[in-house]
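Same chain, two partners: chain A is paired with chain B first, then with chain C.
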Partner chain A sequence: MSIGGEKGSASTKTPADFLKSIRGRPVVVKLNSGVDYRGILACLDGYMNIAMEQTEEYVNGQLKNKYGDAFIRGNNVLYISTSKRTLAEGSS
Partner chain B sequence: MATNPSQLLPSELIDRCIGSKIWVIMKGDKELVGTLRGFDVYVNMVLEDVTEYEITAEGRRITKLDQILLNGNNIAIVSDNHSFNVYMPLFREVTSLWTISQTN
Partner chain C sequence: MATEEESTVKEPLDLIRLSLDERIYVKLRSDRELRGKLHAYDQHLNMILGDVEESVTTVEIDDETYEEIVRTSRRTVPFLFVRGDGVILVSPPLRTV
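Right, the complex of A and B next:
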């Protein structure tokens, strides 16, 4: 694929677009500490502050805790990932 | 002076990578490879078909992800797929040592 070959609004998805598109969807949020949070994304903002529902906390791929509602402060977030594949049993 | 065509802003360089596979090296023994879909002024990135390589106290781990918004805060280096093609084979050589965390 040539550099910039697909450049254009059709294929470009900025972080703002992404944030808009994932509200209400199941997501995986990984923190800088390496801990994963999987759940339904209730809402989020431009700081990557996140409110999640049905949250599961995974440390080293193992379920450690569950929270009905959880707020994650954006500065701790490494990435937010969509998960139509729920990661639940994937990691070892 | 300001319009010298040989001048290129760093962000233009990244913009040229939209749609291509890029290699992101993070602070702290973590690297990601994926297709760049977009980025913003903080160099937060939207990446697709991502492979995450991390080295932790528990060992090496590879994670596959569909689509992610990567926080720009911990990004150290971004490289295009040419460098990736040169260096990635070295990585693959040692993938047998990695724990594969397949996510689907």
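Right, the complex of A and C next:
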């Protein structure tokens, strides 16, 4: 028996399943320091190390930096959230 | 097959592997930034960097005006061993943007 039962094949069951399902999606990654990273989630691993593309760094809601590719060390991650906003709209 | 695996990013550490012998940007704790050539790394993100430029950003508050004074001090180091637990973010040189 898996958590969440057998029904709902589209829904994710475990945190790890969720992380697998959001690869390639636009995400917001918040770090313990409060800094936000918005970009496309390329991949991640069991340590929650994250590879992102077209990453924008927000400090106190202000865009501070852009990275073509970025590796974020997992121990700094507070949460990963999917964002509907596209990159063009994300800076507004 | 092996060549295909070498050039694809399947896990985050592949991004670091593809940056070997390239100049990378490393963001560290306590507002430190490094730019240098990546010579070696391991799974902890311990890294050996060469020709490193380190910048340390400090923010002071003026006692009288309460203005924030942002200072950046830079230094260059020929070789640096970076302990992985201080690493926040690693970015390879810009390829597309």
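Convention: the second predicted complex is superposed on the first by the 72 of 92 C-alpha atoms of A that agree within 3 Å, B and C clash if a C-alpha of one lies under 4 Å from a C-alpha of the other, contacts with A are read in each partner's own complex, and residues count from 1 in each chain.
Everything below uses one rule, namely that contacts are C-beta pairs under 8 Å (C-beta built on N, C-alpha and C of every residue); 3 or more make two chains touch, one makes a residue touch a chain.
Everything quoted here is computed from the prediction, not taken from an experiment.
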Chain B or chain C, by number of chain A residues touched: B
Which superposed partner A:L63 touches (first chain B, second chain C, both, neither): neither
Touching partner for A:F71 - first (chain B), second (chain C), both, neither: second
Touched partner set for A:I40, first chain B, second chain C, both or neither: neither
Which of chain B and chain C A:I50 touches, first, second, both or neither: second
Contacts of A:I80 with chain B and chain C, given as first, second, both or neither: first
On chain A, positions contacted by chain B and by chain C: 75
Residues of chain B that touch chain A when the two form their complex: 15-21, 37-40, 44-46, 50, 54, 56, 58, 61, 63, 65-71, 73-74, 80-81, 99, 101-104
Chain B-touching residues of chain A, taken from the complex the two chains share: 1-7, 11-19, 22, 28, 32, 34, 48, 60-61, 75, 77-85, 87, 90-92
Chain A-touching residues of chain C, taken from the complex the two chains share: 9-16, 25, 45, 84-85, 87-92, 94-97
Chain A to chain C touching residues, read off their complex: 31, 33, 37, 42-45, 49-51, 54-55, 66-73, 75-76
